[in-house]
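This report concerns only the one structure given below.
For clarity, chains are labelled A, B and C in written order, and residue numbers in each chain start from 1.
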Amino acid sequence: MKSYRKELWVETKRRREFLNITPQVQACLLESGIREGLLLCNAMHITASVFINDDEQGLHRDFENFLERIAPEKPHDQYFHNGSEDNADAHIKRSVMGREVMVAITEGKLDFGPWEQIFYGEFDGRRKKRILVKIIGE
Amino acid sequence: MKSYRKELWVETKRRREFLNITPQVQACLLESGIREGLLLCNAMHITASVFINDDEQGLHRDFENFLERIAPEKPHDQYFHNGSEDNADAHIKRSVMGREVMVAITEGKLDFGPWEQIFYGEFDGRRKKRILVKIIGE
Amino acid sequence: MKSYRKELWVETKRRREFLNITPQVQACLLESGIREGLLLCNAMHITASVFINDDEQGLHRDFENFLERIAPEKPHDQYFHNGSEDNADAHIKRSVMGREVMVAITEGKLDFGPWEQIFYGEFDGRRKKRILVKIIGE
């Protein structure tokens, strides 16, 4: 069994942003040399997500609007968590979108359907954050 | 380490539908010959889910009502994604329900609690779609 | 390839409660002797979650309020599932928060970012329930 680990670093300019990290994850897979196995990609921070969906700007605006409607950022004092913090909404948004994805590795490739792309969803950005890529297989 | 891969094909009659795919996933496991390991089952399309819950028709109607309440299909023009498309709600619904499940494989079986069943959740159906089953172990 | 399996038992006093199970999961990892691999931790019941977030009481109250707002427990008869049952809301809440987490195992440790902690989210408690820990690796 082979095992591979890498941290990807990101820093968004805005508080909330979606970044397509598929090329970086593919580069990890290539570097690992693993051809059959499973790949885990997770946010290492609890106000961010890793999820799979479509790379379409309109859809990303729809995600933003949806998440703001069900768990709005403001007013900050609507949340118990926001005594010294102001990011309770980011913890909730990340929970809805998910922390991690598992991807099958087949013949050295991310085993994806036609439109699947991996996104980092930042909900409390403007600081350095990390994403973990772990691959096990052969 | 052994590795197994199979695509399951589905086509629902309605736009939104929940299908119990546990028997097909169990058949994959049997075919794989793997007795200890991990099984990944994921939708290969970004308007569909794979999730684990109860096989109870009333509950499935509750899921439908819940998802329609938080991310309604219509009016289509409430979503930026719906310029040439009409399925933004399906992308959101799938994000809430999740893309994939991981199941422990123990002594050749899906290592499940008493009521766990695997469902394919279709949110933009009436066309052929695929589900991926990947198993690694021994 | 090594494989490890353990069931953790829990019983909450209230219908809804969040329990930090990180110490128990770490004990499983130590017992397994696995140093490189993947760990699956999932609720074995379909009205409960396992998720990763912050161990902060205010935030947990915010999660409770958020989930009650989007999928309220009462009135029970708003749900089709609640003929003989009264826990449809618990099935929905668990779907939003997720059934399982996957954690990378690196150098014998849960490969976590600074604040990541594993929680069991109970949404229909006051009875004995199980959590599965499955680890594969070397």
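Following the convention adopted for this analysis, a residue touches a chain if its C-beta (ideal position, glycine included) is under 8 Å from a C-beta of that chain, and two chains touch if they have at least 3 such contacts.
Please read all numbers here as calculations on a predicted model, not as lab measurements.
Visitor: Rotating chain A so that its CA atoms sit on those of chain C: what angle is that, to a multiple of 5 degrees?
Guide: When the C-alpha atoms are superposed, chain A turns by 120 degrees onto chain C.
Visitor: Pick same or different for copies chain A and chain B, depending on whether their interface residues overlap by over half.
Guide: Both copies touch with mostly different residues.
Visitor: Roughly how far is chain A from chain B, centre to centre by C-alpha average, rounded to an integer in Å?
Guide: Centre separation, chain A to chain B: 20 Å.
Visitor: Would you mind listing the residues of chain A that make contact with two or more other chains?
Guide: Residues 1, 38, 70, 96, 98, 102, 136 of chain A each touch two or more of the other chains.
Visitor: Inside the complex, what are the residues of chain B that reach chain C?
Guide: 1, 36-38, 51-54, 56-59, 61-63, 66, 70, 96-98, 101-102, 104, 106, 111-116, 136-138
Visitor: For the complex, which residues does chain C have touching chain B?
Guide: Result: residues 1, 3, 5, 38, 40, 42-46, 70-71, 79-83, 88, 91-92, 94-96, 98-100, 102, 130, 132, 134, 136 of chain C touch chain B.
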